[in-house]
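Reviewing the structure listed below.
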Amino acid sequence: MTKAAISLAGVFPPIPTPFDERGEVHYATLADNLARWNEYGLAGYVVLGSNGEAVYLTDEEKVRILETCRRAIPADKLLIAGTGAQSTRATIDLTRRAAEAGADAALVVTPHYYIGKMTSEALVRHYHALADASPIPVMIYNVPGFTGVDMAVDALARAAEHPNLVGMKDTAGNITKLADTVRAAGPGFQVLAGSAGFFLTGLVVGAVGGVLALANIAPQRALDIYYLFRAGNLEEAAELQRRMIPVNTAVTAGLGIAGLKAALDMLGYYGGPVRPPLLDLTGAQRETLRAILVEGGAL
Amino acid sequence: MTKAAISLAGVFPPIPTPFDERGEVHYATLADNLARWNEYGLAGYVVLGSNGEAVYLTDEEKVRILETCRRAIPADKLLIAGTGAQSTRATIDLTRRAAEAGADAALVVTPHYYIGKMTSEALVRHYHALADASPIPVMIYNVPGFTGVDMAVDALARAAEHPNLVGMKDTAGNITKLADTVRAAGPGFQVLAGSAGFFLTGLVVGAVGGVLALANIAPQRALDIYYLFRAGNLEEAAELQRRMIPVNTAVTAGLGIAGLKAALDMLGYYGGPVRPPLLDLTGAQRETLRAILVEGGAL
Amino acid sequence: MTKAAISLAGVFPPIPTPFDERGEVHYATLADNLARWNEYGLAGYVVLGSNGEAVYLTDEEKVRILETCRRAIPADKLLIAGTGAQSTRATIDLTRRAAEAGADAALVVTPHYYIGKMTSEALVRHYHALADASPIPVMIYNVPGFTGVDMAVDALARAAEHPNLVGMKDTAGNITKLADTVRAAGPGFQVLAGSAGFFLTGLVVGAVGGVLALANIAPQRALDIYYLFRAGNLEEAAELQRRMIPVNTAVTAGLGIAGLKAALDMLGYYGGPVRPPLLDLTGAQRETLRAILVEGGAL
Amino acid sequence: MTKAAISLAGVFPPIPTPFDERGEVHYATLADNLARWNEYGLAGYVVLGSNGEAVYLTDEEKVRILETCRRAIPADKLLIAGTGAQSTRATIDLTRRAAEAGADAALVVTPHYYIGKMTSEALVRHYHALADASPIPVMIYNVPGFTGVDMAVDALARAAEHPNLVGMKDTAGNITKLADTVRAAGPGFQVLAGSAGFFLTGLVVGAVGGVLALANIAPQRALDIYYLFRAGNLEEAAELQRRMIPVNTAVTAGLGIAGLKAALDMLGYYGGPVRPPLLDLTGAQRETLRAILVEGGAL
């Protein structure tokens, strides 16, 4: 069967969810941030992903966030909504609501709580049931660093047979596996690199783009890697890729979402606080972050 | 400060949530199951825990399940409600609703999605904020097999300083750490063994009881281990402990909740199906399970 | 078939190998240390184990160490020699040389370099080939913390069918598995707890003794746990067990062999330096260690 | 300081050690295999690495193997010898003997038995002590899949400051880290991709070549990836890279050294048996392997 017609090529920032000082969603600054990001050549946005603290949001907040984003995002940029829940039924329900709110595609994290039972069979059935029920194209979100689940290549290939399963965000960081997924799933299944640390190498082995936390704070740098690669300027792309790794690490594994938000604050976006149990940066962490941003040319 | 006065001594089954063939919660059979379990000398029940497929339930279902249980459980047995969510605010909210529904205590799984940031500092603040806000005593639920988070002994001891933090269920299976937690947290902080596999050894080093999946399908065997230990009959207790391990493994790590429910079906309780993405047992798995139950004297 | 007649009951320290300041084996102080330990009711010694830095010794040093120990150890105490190598042929060779040097039994770590291929089948064949060839009884040494290999219960039970395979040292710290091994391997296969942290609980579920780093620095405390258990004085045994955990942790996972040797120095034994790449304690670590030993009553 | 002048650019097979049916080293077929490989444009050979079953060889066998290889390898190809042992002193000793036997460089696996103590400080001191003492250039071999140790980027960069520490083989498979190592260690420190699965992507981010098990059985394919990349033909290189992944996996993580040897047998080289506890392939595994080789165009 042919795939749903949607192109995932390009760079997508997985945007954070702004909260005010009382911890409530700050919808106005969300729109403000998007207005600034819209000035770059980004292909779209991932909303309600890991960087969006989605697991800390109620379903009502999620829907309102999507509605806010839809209004703030031009029609020629994709709004990809994180809609994964632990159960198949809750995932279907939330995906339908995201579609109603205007999402162009759903990015669905592997269920993981009963990790020992999240076999390839269970995961393939989950994604097929969802792809059957979803009014919008579905993407798999494979992120073992958060979930402990690393969906196998043959399971990904089986899942990819469904026409409404259009791609995946692979954040595992195993480039061999990413390349093998491109091979096994075949054309039509669009793989996105899930971290700026392996964006260039992902593109080299067949990824069509990336969902990159780095693109929140240094959108042009992320786009430069993409366009340098597309132009065949590999050496310059590699140089930039290497230079961005410490910056990217700081706002992902290193200092986490609190680091990403602090960096946004430093750059004139609205970052704001994280929701507990996450902790905001200490003063010392903030200084470390600032030094890394300066060193990497992001500030 | 003195602890809230609640005794967690004894055996608690973490009960599964019955679903009908369409996947809806089957409240009537839930009450029926409890009526049968009530005939044993169990100290109470854990409802909405991992075995209750809590991550697959809506908040509305959770409240109605608690209300159903409260009506079905005599006042002299504890109703312990699983109320953990990823965010502190959602956990507080659900814990308050559980208290309103009649829960005697809350069992709160460590938040875990942003595992790298769930530091001791973050976890202690989370539990203290919850213990401050909760109208009922709070227990920590440490289950690295599902969450990847294994709360450190000194963090547990710090959390335990709060008067409304009365104990924990430790499912890590690290008996050295369990013993060290008893030592470090001191009297008043009541530790429950989180699996029948190390129930007896947990009691030996200071646990006051256990939350045991085994107690769903073989409540008297679980109670026998407890009372043999209390009576000083260690050799007989050890013999029974060893004999129960394969049975317990079958309905936990081995065949999971689907195995636990299938065993209940075989024993005349209502087990029923699991919610997807969990998969029900295959016929072959069912036969394996039956053989293990027979071999262990549970069927 | 009946097992080789050897009793592994009791407490065994896994002794460190003394080096002089140039890093050469210090045979004289080895004998001196043993003379002091011989005054306690220890059942014997494990020589050339993990705590003996066996992986840092040449075969020639190993043989001379065993000869030195044999002269220093009374005939009524066992000399158990670590003889495991990565290949079956090297393990057989070293085990024969250990037997010639007077070892009463061999303690053989699971081979582990090609960890993904160390299947149950490979491990069982390895131990059976060794047990066939060895002139002395063979014990399995399961220590996933160092090797990454955790031999499965059914593989242990299959290995245990060999009459010359008399027991194991289990350092995994999974008390459920230890109990299940006792059950599955049956009487005649003698299980030793591999760390003082779970010594008492190991005895409760059927271990006959322990190989305990703690017994190097606090032999009487280790023996007290054993005899309190044997005398049925479980409460006092548990109290002592809990008290010894921080002390034991300091000289094992906490500060490692350098910590164990520093503690011996503080107690009037010869500890001395470790071989590189291991590092000796810093001054600050030494003070931490001293405080823990004092707190635990070991100094 | 300037680095020792040695170029590690190009493709190196980590050759297996042939054994006869009694398990003895088969020196004649070792030379025969090399004579065939010499016909390809390989930059040299890694001898006594993980694929050489080095942990199963005596020091005497190792020296004789190196001498045999030195005679069989033309002077314009490098002979890189695996010389890592657990202790610093044994590593220095073996490295000196390898130099005497004609090795051009030493590839030294991270020590790992006391994994918790193999801190960056311990590892840097180990490599610096070795680099001081070694008559030939030293390379770090980072292979967490076998050792559990994954040397940190800053430790690698510190080690790389030594003029006699010329490069590393990185088999971790974390392409972000490999790229960051190139950045942090700077020019002069030559990084080799340690597996064909990420050879092309390694080259893209700055590796100068690869040590590839695949190069034993498909040397031309491995060289093609290298030269396609050098020629800027990235698309064709990526296509070949993806196609080789299943073949490479079969002779590495999939079927291991026994698989590699069986493939050599199928291709007319001498493969022969592995040393126990490794197991030779079963008939079924052999058929699986053959199918993968045919599918990948390697047979």
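Just so it is clear, A, B, C and D label the chains in written order, and each chain counts residues from 1 on its own.
In this text, contacts are C-beta pairs under 8 Å (C-beta built on N, C-alpha and C of every residue); 3 or more make two chains touch, one makes a residue touch a chain.
Given the structure is predicted, the values throughout are model-derived calculations rather than measurements.
Under the contact definition, subunit C and subunit D share no contacting chain. Seen from the C-alpha centroid of subunit C, the farthest chain centroid is that of A. Mean C-alpha positions place subunit B and subunit C at a centre distance of 36 Å. Centre-to-centre separation of subunit A and subunit C, using mean CA positions: 49 Å.
For subunit C, no residue reaches two or more other chains under the stated contact definition. The list of touching chain pairs reads A-B, A-D, B-C, C-D.
Those residues of subunit B lying in contact with subunit C across their complex are 173-176, 179-180, 182-183, 195, 197-198, 200-201, 204-206, 232, 234, 238, 241-243, 245-246, 249. Against subunit C, the residues of subunit D that register as touching in their complex are 23, 50, 55-56, 58, 86-90, 111, 113-119, 121-123, 125-126, 129, 145-146, 148, 253, 256-258, 275-279.
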